[in-house]
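Below you'll find a set of structures to go through.
Shared chain: subunit A. Partners: subunit B in the first complex, subunit C in the second.
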Partner chain A sequence: MTSVWPLLLYYLLPLVGLWTYRRGGRTGTLAAGISWFLAAVALGVVIGDARSFAVISFYLLSLVAVMTAFLVVTGTNPVYGALSLIGTFTGIAGVFVVLQCEFFGIVQVILYAGAILVLYLFVVMMVDLPKENAQKRGGVRGIAAIATGLGLLALVVKALAPLGMRLQPAAGASAEPYSVRAVGTALFGPYLVPFEVASLLLLVALVGAIVLSGRERES
Partner chain B sequence: MEAMTLPDLRELIPEATISISALIAILVGALARNYSSARRIAPAVALIGLVAAVPLMFAVPHATTVPTARFEGVFVADAFAVCLKLLFSAVGVIATLVSVNFLEAERQANGEYYGLLLLAVVGMMLTASARDVVLLFLGLEVLSLSTYVLVGYLRKDPHSTESAIKYFLLSSFATALLLYGLSLLYGISGGTSYAAIRAAGAHLSGDLRLVAMLSVVFLTAGIGFKATLVPFHMYAPDVYQGAPGCVAAFLAVGPKLAAFGALIRLLVEAMPGFASEWVPLLTVVSILTMTIGNLVALSQSNVKRMLAYSSIAHAGYMLIGIVAAFTPGVTADVRSQALAAVVYYLVAYTFMKMGAFGILLSIKPGDRFAETLDDLRGLGRRRPLAAALLLVFLLSLIGIPLTAGFTAKFYVFSSAISAGCYTLAIAGILNAVVAATYYSRIAIALYAVEPGRGEPYAAGGISLKVALAASAIAILLLGIFPGRVLETALQSVRSLF
Partner chain C sequence: MVPLTHVLVFGAVLFLIGLVGFLSRRNFLTLFMSVEIMLNAVNVNLIGFSRSLGDTAGQVFAVFVITVAAAEVAVGLAILILMYRSRGRVLVQDWRALRDN
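== the complex of A and B ==
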């Protein structure tokens, strides 16, 4: 079932001829939404205990994420694409909260939905991108890409599916590993060096951006 | 909640020194742009930082004798790390010396250049010391991000920009694969430290074997990109050709050394339990890397591309030593000898490859630096010294006795034989024969009778000459007296176990 998605997505991308991009994108989004919703309801009925609330909210939030992700990829207007991406990030933030990783949920909203998306929109609006043109699709390359993607997906699913819920945190892990306090203690305790190196990384990115895009400088 | 104590940061002093000199170089470049004498300051700062870091590596108490793991094992400065960091400092020094004249000839502002070069060296050093996948990843990223910018440093040159974009896009993709592999490892072990991964790898059940296999494949892709292993090598010739000459010299060596250093530590300290996944994969990759690198190099007429393919082939030779070390059933003695051979190979490779790329920066027929075989034709008559130096580097790349290249190949192949990897040893020897043909094409062009195009006038200054002469002397010394370096390599590798 899962491996149908990449195939479906590929054929819903803006396409010359039979289907216009709008119809493709909306149909795909609707199909993804309905099937996801049915899966959520079915699971809720099957489980039917206290955990079902979390499971249903997980499915509803991931429904938002998947539907908007479809719109991001299949749309041709970059501004709509960026706006849909906000929906995807918000959905994922919700999933983090359901999984009791409140900190990452907040970070997801502030960083991705807030800062990075605003940056995207700035760039999109400043450079005045033309509407993306519909492309012809198919050929050996496309088929090879689909085959590779599906093969990789099948392998990952085969490897991870039997594990199910058996993966456990390492012994000695904090009881609430994703609370703000635990993250802070980890950052300034065992992960102090990586934390400092991350600031070095930001410095490199900053200097690099200035070198590559700043005023022309010659000696 | 217990009081928070700051970890002991003394072992980071060498990295901190180089980072600080990087900042000074950048500041000097920004503040003193309008003074022509300032052009000499930034490279001087870079050299001082790199050289000053060397005694500081030994100043840390016990750092070279007793392995010390601080920061709960995130960072370690054992003999292996110090040995690699010495080499990385040498790489930084040679890259700096090689760059001075090039940047002046291209009339480029240089403060940021040396700053980014130093930060790339810091990234390499961090990967050598990393005992935690988070630090490993960050170190590799500091290195990669700096090199993206260095490759695109000549903003007016479309080739430089093109290869920067190519390198950036492909390398980001490789980084994503590496991260996916690391996340699978985290899933298996529940921790990011090498110790946790090692503990989880000691008893892998049937279900987890496939996940381990997947993560090994992704790690090979991610690290193999930096080490230019086939099939992740495609970018190398294009990027080296388009990059500024001095950056190509660094790029052919720096990321590769960091990748091999990280691979050795990862295999020894984190993933000995995954050897049955690694060894068959790396065996195939090694043979492919040697063969494809050498065969494609045969048909190149651009020397920069040829050297790029030759560097791919050399990565394959180095991989032989790693496979030999982790072949199931080898004794501890053979294992450390094989890894020491790889470390020795890294040292030899550094000098011969940087030297060969550096020579191209000392020859300027027309308005650009030498790149094609035609540019080098008849060099032996007009610039006998430059031709002789290039000949030394070529002989070492071929692996002629009395050069570092020969001893390096000898140690790697003999370690493969004593580990029982006969296929790899034979493939390596056959490849070395094939490789000799294209290196000799360059050598023949050098001493060709008919004159080539243009008058190849000297483009190098004193710093380039020093770097090239020092590399050639190092190659000859390593070739004639290999014992001392091999002994150091052996001791450093033993500190891992």
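== the complex of A and C ==
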């Protein structure tokens, strides 16, 4: 059962996306949202522990994230794609909160939905993109991509199915591994050198972006 | 408690949506957004494992993934602006300089 429902979900996705796109307007979007909510609640009741609100909200948020990710991939207008990407990031942030990693929920909202998305929107506004032609994105390439995705998803799900029972907490695990203090202690303790290397990487990216986009002034 | 398998399946579905988008789209901005979705799916997996195993290492590596994503977006969008300046559009088929003829 566990291995079947994501495939069903994946097969349902284009229908919902097309349906929302074709109807347009407020009623189509609202109906799609309500149906997704009901589907998520049904998933939570059928699959998970129905008594827990956290479980139901996990499925709800993950469905929101998957749906908006699908809109990002299928839409023709990059501005709407960037706005849908905000939905994806917010849904993932909610999933992190449900998984008791509040720090990463906050980081996700501030960094992805706040900083990176604003950068995308800046660039979208700067480059003045024409609308991509919808007929051009199908074809052999699209079919091959979808076949690749479905095949890989089937493989991953098949590999994951027997995994759930075998994973056990490590013997030396810390008492409260999800708190901000634990993450900070790990980050500035055993992972100090990679952390500094990551900051060096950010510096290199900063210099590279400035050099690349500021070249016009020299000539 | 959400089972680990469902978190991993969620991550896999997100990753493969990003992969399909990356393979099938032509617009560079959409390609970058697909890459963001894939990196986020990796983060979901890392945090799911971190929670399930009771180990902070997964969250630490999620920090590194976020760093790499930010660097990639900054440099990538700078390259995209350069491409727009020289070609006037940002489609994949315009970049053929390194193609094997």
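Note that the second predicted complex is superposed on the first by the 147 of 219 C-alpha atoms of A that agree within 3 Å, B and C clash if a C-alpha of one lies under 4 Å from a C-alpha of the other, contacts with A are read in each partner's own complex, and residues count from 1 in each chain.
We adopt the following convention: contacts are C-beta pairs under 8 Å (C-beta built on N, C-alpha and C of every residue); 3 or more make two chains touch, one makes a residue touch a chain.
Everything numeric here is computed off the predicted structure, so don't read it as measured data.
Of the two partner chains placed around the shared chain by superposition, neither subunit B nor subunit C is touched by A:Ile86. In the superposed model, A:Lys158 makes contact with subunit B only, not with subunit C. Of the two partner chains placed by the overlay, neither subunit B nor subunit C lies in contact with A:Val109. Between subunit B and subunit C, more residues of subunit A are touched by C. By the touch criterion defined above, A:Val97 reaches neither subunit B nor subunit C. Shared-chain residue A:Phe70: touches subunit C; no touch with subunit B. By the touch criterion defined above, A:Met126 lies against subunit C but remains apart from subunit B after alignment on the C-alpha atoms of chain A. In the superposed pair of complexes, A:Val193 makes contact with subunit B only, with no contact to subunit C. Residue overlap on subunit A between the subunit B contacts of one complex and the subunit C contacts of the other covers 156, 160, 163, 167-170, 173, 185, 191, 194, 198, 201, 204-205, 208, 212, 216. Of all the residues in subunit A, the ones that touch subunit B in their complex are 155-156, 158-160, 162-163, 166-170, 173, 185, 188-194, 197-198, 200-201, 203-205, 207-208, 210-212, 216-219.
Listed in rising order, the residues of subunit A touching subunit C in the complex are 2, 6, 9-10, 13, 47-49, 52, 54-55, 58-59, 62, 65-66, 69-70, 72-74, 78, 81-82, 85, 88-89, 92, 95-96, 98-101, 103-104, 107-108, 111-112, 115-116, 119-120, 123-124, 126-127, 129-130, 132, 136-137, 141-142, 144-146, 148-150, 152-153, 156-157, 160-161, 163-164, 167-170, 173-174, 177-178, 182-183, 185-187, 191, 194-195, 198-199, 201-202, 204-206, 208-209, 212-213, 215-216. Subunit B contributes residues 1, 4, 6-7, 9, 12, 19, 26, 33, 36, 39, 71-72, 74-75, 103-104, 107-110, 112, 115-116, 119, 122, 126, 132, 134-135, 138-139, 141-142, 145-146, 148-149, 152-153, 155, 164, 187-191, 196, 207-208, 210-211, 213-214 to its touches with subunit A in the complex. Those residues of subunit C lying in contact with subunit A across their complex are 1-10, 12-14, 16-21, 23-27, 29-30, 32-34, 36-37, 40, 43-44, 47-57, 59-60, 62-64, 66-75, 77-82, 84-85, 89-90.
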